[in-house]
Structures are given as structure tokens and as C-alpha cells.
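Notes follow once the structure below has been shown.
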């Protein structure tokens, strides 16, 4: 009876602990500095960012590099720590927000000056590669009806709105410099904040259309803006910094790899990025398929 | 179906990642809870405080544990080890009570007979108590297995891959099919484990089978 | 700053305790959500559980339902409902009610079904109607088990109501999500500690109630018989 009981249990235990060892082994290796010549490509917890990261990964793989994917890490507050610690080698970022993260009170606002300031602000060990013309900016978005009813096309116009304003967006937006506090300081507009954890996705959209919120933080490359006839309010006073897609690379990215990635950045256009996002949301294709297609249509050589 | 047909590979790899977190946690919960449950049963004064303590464990919200465990144990912030430890905490919280009850269900007369026949304390535990405790233990383990599989999905909120990633991704992109797929696969795994453990329970307790056959 | 220092700092900060999103506000929201969910779940589960328990049929279905509820990931259920219903408390409350029903149902069913058939038959023989039997015989005897079901449902709801913050600006879960996403771990841990304290308090209250009802549901025992 002892043997009958113990043998299957013991086998089960050994198998599961073996599984655990494999699982933890992989992750612990990924958690520290990446081993050997494998390049770790990371992405934000944002489907659009994942597509760009996948394009980087596939472009490098096509040229023979060994790539490890570590996607959907989280929000900037989480993944930048990992990049700086060396556990991620290549990451698609956005110039403006990243600069503000490293240098909160930077005066840079326009495309060129933001990029230059970013290159300077980057910690040692990290390189800022060429920025792309493709941009994906945080924006305060309203419905067309709201815009026409209150005559609002820029963020300045918000001061003339008579009804109480609430902004909807991810939790972390509440405390960021261009959140409600920024609106107050730069435009003198008081807004309430409703946290919606879908990254400017379907719930935010629905809340905007239902009137639960008047303003939504939706990213400019989101196909929902075009397909739902939404208006991104113009940022006349430069609350938001110019925000272009830019790869952040560690020292593991050699010159040849950097060249490949720069070619990707050059080929990526603003309209192209919106189209990629549309493929993800409307056609429901996975990032790998979208990246594959894009690379086929945009040969880098 | 448009989503599913394009993403079968993703679902499969996430399922494997999911199991890679759930299975070790279930086994670890068993390995930790059985000794604690046995102790709690053996030392009368320990029983109520232990059960009260694990009751509190169950009330801890899971997300903060994903941050606390790394700082206590030194595991990586998004590593599998962290997730497995978090899941084990809840597994133990559920299983300790079952374990204590399981050992309490072993008849005193059986234990005294074993001592009379000459079994040592150690042998009594392995050859008498543990096998007799199996039915109640398996019942508790089934609950642990099902709730662990379900709980793994929360790990995606902190960037750890599991079937829960289908929830967060589907949420962002507004693809209900993706979320439903995640739900269906998670529940399917939970049910499969439940049935497997029920079968295991029957295999490990052949004397109950005879009893059932004799009763017919 | 270590995690504990950060948490302490959050606890002593003044805007944690007053203004929008303060602890008293979030605590009340959380309690309201918990109470609402339990009320709805009990309103649905208790009558059904008592009814099928009295009839002593359908036990298998109850067990399956209880298991099924544990198997459904709350996050997934909440996501689907959120996508369908939008922001606000609707989606979390429905999800939480769905998850709270099985423990209450199981408690009600097993409590009633476990009352001694002989006693129930005796009551029937004396001439009590079915509903009188339920009300004056089965319910008092089953009360401890029924309350046990409600107690475990409460613990579960209090802990899981933190997920309501995923789609609604309400409840103690707000501290957890905001803390997690903006890496303000003081807020994250502080909020969780409050949830734990709340859960322990509610559980203790149930413990007290359990002791009083158990005493009243047991028949008077003679103490001299204990050692047999």
C-alpha cells in the first residue's frame, strides 16, 4: 500500500517541480541581464506597441539574429526600470512621453528639439536610435457633436465649455504631467478624472459616446478616431510633447542591427501605423501576422 | 471565429505558460499544506489559530502580492517564480483546512490499533493516516486546482503571460471572441484537472471501491 | 524608501484621508458594493437553495454549479461584461453576483438537506404544512450551515470587489490599480491592508453570529454523556 500511494504521487511531484524549474529557469535568465548574443525585444502592454516590437523582432531575425520576445511588460513606470536594468535590449518607445519620464520639466516641445533632448537625457548604456515619422500621441479627444455644440477644436476652447468636464483614461494618466493637473496649469481648465483601464480602447470609446465622459485620452494612431468621427483637440500651448516612434537600444545592438531598425523606422509612416492598428482591431489579426505582412510590403533592403 | 482561426498558436502557447504556473503551484500547495494541516490537527491548541490565519491569507488581494513576494523572496518582478509563490499562498490557504479535516477524519480506533500492532509514529503517518486522509485531501485538492487555474489569469495584469493575457488584449482591442476563448480554455483546463484528480482519488483508495462494490 | 516606508508615508499623507478618492469614501463604496452583491446573490440563491434542499433533490446540480463558479476567472467574466455594458458598476456587480451565488446556494441546500428526515417527517405527521416545516423546523436547524455559506461568500466578495475598480471608479480596488500602474507601491499595499482588515472584521462578525446561532440550533445536551 505504501508503494502504491507514493509512486504516482512522487512521479507527479517530480514532474511538476521539473516543469517549475524549466519555467523559473527561463524567466530568471530573462530577469537578469540577457544571456549570450540573444537580443531581448520588449513591448508595452499596448497592442500597437506590440506590433512595432514584432516588426523589429522579425526584421532582425530575417538577418540572422537570435531574438527573444518579452512583450506586454506593462506601463512605462514598470518597463523602463527593466530596460535600464539591462533585461531588455530593444524597445519601441515614443519620444515625448519618454523624455518627460526621464526629464519631467523639459522645455522641449517640437519634434526636433524633443528628439535631441531625448538623446541627451538617455542614461548611459542606452542608445536612442533614429526616430520615425510615425507618431502616436496622447490626445484629448471629443465627439464631433460635442465639438460642434460647444465650438471646441483646441484645448484652449475648453475654457468656454459650461458643463462640468470629465476625462477618461488609464489610471496612470491621472498623475502624469499632461493629465488633469497639466490641463489646469497650462490651459486653466478643471476636469474630473475617471479611470478606465483599457488604454483608450472600447470602454473608453463607449463612455465617450454615451456621454459618461466628455474627454477621452485616446492615442492618435488609434483607428477608432477616424471610424467614429472623433476630434482630437489641438494642443496649441504644447501640453503634449511631440511623440514619435523611436527605438531604444542597449549596447547589445550592434551597428548592423541598428541599421536594420533605422530602416524600419524610416519606412514606418503615420498613416502606415494607423493601418497596422486597424488590422489588429478590425481584422483581429495577431501581431506576428501583421508584422510579417508589413515587412513583405516594405522590404528594407 | 475570425479571431480564433488566426490565433490558435497564441492560445496554445499561452495555455502551456498557464499550466507552467498552475501545476507547480498546486503541487507546492499540497506539499506545504499537508504537514501544516497534520500539525494543526495533532496539536489541538494550534488548530484554531492556524485555520484563522489561513482564512486571512485568503482575503489578501492578489495584485499586491505580486509586488510583495519579489521584495520578500528576491524573485524577479515578473518572473514565473513570483507567480507560482503567489498561487501557492492561496492554495495553501484553502488546503490547510481540508488537510486538518482530512486527518481528523481518520478514526482514533484505527490509529490506536496501528500503535498496538507496533507501528512507529512515522510509519503510522505514511502507511495509515495519509492513505486514509486521501479522500478528504483529494476533495480539497480539487478545489485548490480549480481555483488556482482560475487565479493564474490575474497574473496578466502584472505582465506575466497566461491565458489571462487574452483577457487584457481582448479588452484593449474590443475583441470579445478573444476574451471568450480565454474563458472557455481556462474553464476547460480547470474541469479537466478536477476530473483527473477525482480519478486519481479513486485509484489511490482501492478499499473504497471494494466497499462500493460490496454494497451493490 | 523601502516598501514599508512607502506604505507608511501613504497612510500618513493627508490627502489619503480627505478629498476625492479618500479612504472613508472608498471604504463606503466597497462596503456598499459588497452589501449590494450579497443581497442580490442571497435573494436569488437562498430561496432556490432552501426549496431544492427541502425537496432533497438536485444536490448534484448544486455541487456542479459550485465547482463551475470557482472555475470561472473573475477577470474574464468582468471583461466580457465590461465590453458589453461599458464603464460603471453594472458589469462588476453582475460578475460578483454570479460568483457569490454558488457558495450561498450550496450552503442553503446542504443545510436544509442535512436536517434529520425523521424530524421533518414527524413535523409533517403532526400536521405542519410544507412551508411551516421549512420556516419553523428546517431553517432554524440549518441556520449555521446557511450562515457558513453566506460567510464564505462574503469573504470572497470583499476580496474580489477590488476588481470592480477595473471598470468603475469605486471601491478600495482603486488604490490597488492606480498604485500598480503608476508604481506607487505605498498606495498599492496601503489599500490592500485596508481590504484585509475589512475582510477580517466582517469574518469575525460572522464568527460571533455563528456562535450564537449554533447554540440555539443544537438540542440541549446532557454534559454527563461527554466521555463516551
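A, B and C are the chain letters, set down in written order, and residue numbers restart from 1 in every chain.
Note that in this section a contact is a pair of C-beta atoms (placed from the backbone, for glycine too) under 8 Å apart; a residue touches a chain by one contact, two chains touch by 3 or more.
Just so you know, these numbers come straight off a predicted model, no measurement behind them.
Taken together, the touching pairs cover every possible pairing of the chains. Between B-C and A-C, more contacting C-beta pairs join the chains of B-C. The mean-CA centres of chain A and chain B are about 36 angstrom from one another, to the nearest whole unit.
Chain B and chain C have centres, each the mean of its CA atoms, that are 21 Å apart.
Averaging C-alpha coordinates per chain places the centre of chain A 39 Å away from that of chain C. Those residues of chain B in touch with two or more other chains are numbered 156, 158, 168, 171, 174. Taken residue by residue, chain C touches two or more other chains at 82-83, 177, whereas all remaining positions touch fewer. Listed for chain A are residues 74, 78, 197, 202-203, each touching two or more other chains.
On the chain B side of its complex with chain C, the touching residues are 55-56, 58-61, 63-64, 67-68, 71, 142-143, 146-147, 149-151, 153-154, 156-158, 163-164, 167-168, 170-171, 174, 176, 179-180, 182-183, 186-187, 190-191, 194.
Against chain A, in their complex, chain C makes its touches with residues 82-83, 86-88, 165-167, 169, 174, 177-178, 181-184. Residues of chain B touching chain A in their complex: 2-3, 6-7, 10, 17, 19-21, 23-24, 26-28, 31, 75-81, 84, 126-127, 130-131, 134, 156, 158-159, 161, 165, 168-169, 171-175, 177-178, 200, 203-204, 206.
The residues of chain A lying in touch with chain B in their complex are 1-2, 4-6, 8-9, 12-13, 16-17, 19-20, 22-24, 26-28, 30-31, 45-47, 72-74, 78, 82, 197-199, 201-203, 205, 280-281, 283-286, 289.
Chain A meets chain C in the complex at residues 74-75, 77-78, 168, 170-172, 174-175, 194-197, 202-203, 206-207, 210, 212.
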